[in-house]
Amino acid sequence: MKRWASVFLMLLLSVSLLVAGCSQSASKTGGAAEGEKSAGAGDGKPVEIDFWYALGGKNGKKIEEMVQKFNETHKDIVVKPAYQGDYYQNHAKVLSAITAGNQPDVTMVEAGVVGTFANAKALEDLGPYAKEMETKYIPGLMGNSYWKDKLYAVPFNRSTPLLYVNKDKLKEAGLDPAGPKTWDELIEYSRKLTKKEGDKTKTYGFSTPIDIWFYEALVFQNGGSILSEDGKQLAINNEAGKAPIKLWTSMVKEGIMKNPPGEKYNAWDVAKQDFLNGQVAMIFTSTGDLQALESNAKFDVGTAFLPAGKTYGAPTGGANLVVLAKSSDAKKKAAWEFIQWMTDTPQTIDWSLASGYMPATTEAVESKQMQDVYKERPNLKVAVDQLEYAKARPMVPGYKELQEVIMAELQRAMLGQATPDEAIAAVEKKAEKILKK
Amino acid sequence: MYPLRLYVFKTIEWLLLLAVALLFVFPFLWMALTAFKTLPEVFRFPPTFLPESWQIQNFAVAWKSGPFLTYLVNSLFVALSILVLQLFTAVPAAYAFARYKFKGRNVLFGLTLIALMIPPQVIFLPIYVFMSEWNLVNTLWSLILPYGASAFGIFLLRQAFMQVPDEVIEAARLDNASEWKIMWKVMVPMAKPVLVTFGLFSFIYHWNDYFWPLIMTNNEQVRTLPIGVAMMKSSEGDTLWHVIMAGNMILVVPILIIFFFAQRHIINAFVYQSK
Amino acid sequence: MQNEAVAKPEIEMLESAHAQAWPQQKPAWGRWETIRPYAYVTPALLFFALFFFYPIGYVMYLSFHDWSLLNLEAKEWVGFANFTELFQEQDFYQVVINTGLFTVLTVALGIGLAFLLALWLNRKAKIYGIIQGTIFSPHIISLVSVSMLWMWMMDPQYGLLNAVLEALGLPAYTWLSDTKSALLSLVLVSVWKVVGYNTIVFIAGLQSIPRDIYEAAELDRSSRIKTLYKITVPMLSPTIFFLLVINTISSFQVFDTIAIMTQGGPVSSTNMLVYYIYEQGMDFFNGGIASAASVILLGLVGLLTLVHFAFMSRRVHYR
């Protein structure tokens, strides 16, 4: 026994030492030993840049595929993609990596926190690289690209929230398969779609993750905004700020809306899963989920604008690509080339078709290819059309933290532990300190 | 006592034993069963017990969902390097604490005992900060070096060395063996059971570790298996429980196999501290 | 396992015998002989100094500064401001309460159940050994897998646990999805993981109680219950105390289960100290707050350690 164990250990050790020896030397390039020389500056070797992304599943696979294509067509640059988990995890990783000096050269940053990173001087001013060519992007997607009048980010996987409906169920219930147009209709539809068996609900009419993004949408729809114009004050202590909570809590109480359990993106997964399984007839989720939902659903999926309050309204979302300030000049140049390629018309069309995210350039939307697809798949076009009513997400350094505070309070209200007034008051109490930062 | 009563009593006890065993075995079994199902079957309620058809390819899907070979190699490399390093630091220290009397011994041994009690979770922040100042974050070094010395190992080996009879050492000294040689050639072989015990403890602990690599690594070249498995829960799209469970099997089964063969040693290793 | 349990006093005698026998013989190597023990302990102590004692000092230093991971160079001395801010923070109290509640429940249940199991399973027959091994097995499995497995089983909609409840005609439980049940669910997972370890430790303790004490009790015709709390419990008190300290310290540092299963939610109902430190330090740019919280945690663990050592040195003269 003893001998067996020690022989086994030695064997394992020597094998793994051997293999790890190789992988260790490989990891160095992506790791800490960077910046000694500005790699590849003129010596003929390709410039290596690290690119961190935050989409898993099919969309993640597509990103890897696009990077591979870039590498094949650009012999002087090697992009090394690395998946870092969801947006939250990626942000934490980028932040800590900046300290460690092994930050990536390019990363996805969720639209609402571009300001946080820019303000911390973590991002490279892209103006000198872009030289005004950023006008090629859809103007409605550029709201989260500037910080203090400087360009820091270009739109990549951009989205707006959409209402997804199970058309089969709507038809069955004798409702317009185009979906509800207003909050009142949303309630009415949900009532008709909810099916109970005894005291168990078999189908809920509606479900949405209690996420800041949808809350923003509903606030916008009532003419409100999350922060004051100058970004220094919280602006939700009013009817526009409370109405979304009242709507959701009353629908949950009535049993026609399901509050999907789970923290952060776990709740999104639950909502989508419920939708696919027919346990929920309508959900809010990102346009970026379109491809996955359409291909997995066994029913007819429809998309629509988020139902209107006083007006239609939605935040834009998804992530932008940024270049990090700490990288070497050669890497920055390569990084710019890379993000420009990733968001250029041919690639952005390819990406949009594969995922459901919006194309980033005006030229792409207007291209014949896209227009033909839109005729064939109207679902894909809804997000682009909704841009007309869309606003950028708030963009102040503290918003990264503030949005989690708001979400926690929303959740508290949803679980019946606080009235809408109390929840908003609690947010306000914390917001002051956070917004001062 | 009546034989009948005894019989009934025994039956009840056996049933209870079975229930307890199920409570601890069934979750693992459920992991394995889920790993063989299809996605639609996973999302059926009430669930099926045995998979309708055994989906062996789930394991291939899990394995290919990330660079699992790299994860596996990193995990082995890190856990074994730590073990080797810990042995090389612990043996001389334990020998000195067990066999010499020197000024400050009690204080130094006391410091070691403090290190035994305080978990690294408490001080990860400063370690991260200066690891990053040394440019070590995101290298395998950052996973290995902080665990270079094991207070538990020193403690364990010291006990073992103290139990080696004097005559053995005297004999070695008469042969003119150097202290260094006595330590490695006489003491260490005599402490072999304890070494195996400690080795298993250290290996299992670091094989399983999630917290430290989570803090210290950010690309797949240096990630270990627990991180790779935890990342399988993707944020966009479905939660593919069948594939996730298959991935977890990769993490769990090696340890269960080792446990099966070396149960006594492992239990010893983990329980030793209490003595 | 039993044969290694040499009684402590014996070790001590052995030790002092060596200690006296050795330095006497001072051969020609002279000075090296006095340095040698220091040279032997140096490598290990260097690691401790670098990765243990220095960080402890450094985190204290950092806790008096306003800093974030992004502007480490620009840290600013703020005195006790981080601590006062922490103590004004509603969330921090929530975190401390959660940690306390989690610890008390995990430790009480983990040790209580283990004690009963140990009394039951401390037999010779093979089947008891097998059961001991079985209940121990979760202890050596990665918390990542344990967390994911339980998260799956606790899924409110498709999970095994609710299926079982339904089959028994009971209503479905909310598990991780409600503020009232999430913490309890984490306690359940932790107890499941640790109870086998505690049981085995208890069994080792039980086996070290000399048989003749029980025989004497039998002669006295003491009732079983009386024997239990007149003899077994007092004789086990060192074991109980050891488990209390070890379990408490490991409950304080819970992180993996939270990070994977709940991320502190819903509504911070499962946010606990180490996760809070991680969030503040690595996610929210609040390095000062995070290091102040670290110092508080360090204080708690340090206090427990001191109590532990004090107890140990009263029981057996340690060195």
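The letters A, B and C name the chains in turn, as written, and every chain counts its residues from 1.
Here, a contact is a pair of C-beta atoms (placed from the backbone, for glycine too) under 8 Å apart; a residue touches a chain by one contact, two chains touch by 3 or more.
Please read all numbers here as calculations on a predicted model, not as lab measurements.
Viewed as a network of touching protein chains, the structure reduces to a complete graph with every chain in contact with every other.
The interface holding more C-beta pairs in contact, when A-B is weighed against B-C, is B-C.
Work out the mean CA point of subunit A and of subunit C, and you get 38 Å between them. Taking each chain's centre as the mean of its C-alpha atoms, subunit A lies 37 Å from subunit B.
Per-chain CA centroids place subunit B at a distance of 15 Å from subunit C. Residue numbers of subunit A whose C-beta contacts span two or more other chains: 96, 99, 266. Residue numbers of subunit C whose C-beta contacts span two or more other chains: 69, 72, 157, 282. Within subunit B, residues 43, 129, 193, 215 each touch two or more of the remaining chains. Of all the residues in subunit B, the ones that touch subunit A in their complex are 43, 66, 70, 73-74, 76-77, 80-81, 83-84, 128-129, 131-132, 135-140, 192-193, 196, 199-200, 203, 215, 218-222, 231, 234-239, 262, 265. Across the complex, subunit A meets subunit B through its residues 1-2, 5-6, 9, 12-13, 15-17, 19-20, 23-24, 26-28, 30-33, 50, 52, 54-60, 80, 82-87, 93, 96-97, 99-102, 265-266, 268-269, 272-273, 276-277, 288-289, 292, 296.
Across the complex, subunit C meets subunit B through its residues 1, 4-6, 11, 14-15, 17-23, 34, 36-41, 43-48, 51-56, 58-59, 62, 69, 72, 117, 127, 130-145, 148-150, 152-153, 157-158, 160, 163, 166-167, 192, 196-197, 200-201, 204-205, 239, 242-243, 246, 249-250, 253, 255-256, 259-260, 274, 277-278, 281-282, 287, 290-291, 294, 297-298, 301-302, 304-305, 308-309, 319.
Residues 88, 91-92, 95-96, 98-99, 120-122, 261-264, 266, 270, 274, 279, 400-401, 408-409, 411-412, 415, 417, 437 of subunit A are the ones touching subunit C in the complex. In the complex of the two chains, the subunit B residues touching subunit C come out as 17, 20-21, 23-25, 27-28, 30-31, 34, 42-47, 88-90, 92-93, 95-102, 105-106, 108-109, 111-115, 117-119, 121-127, 129-130, 145-149, 151, 154, 159, 162-163, 166, 179, 193-194, 204, 207-211, 214-215, 226, 229-230, 233, 241, 244-245, 248, 251-252, 255-256, 259, 263-264, 266-268, 270-275.
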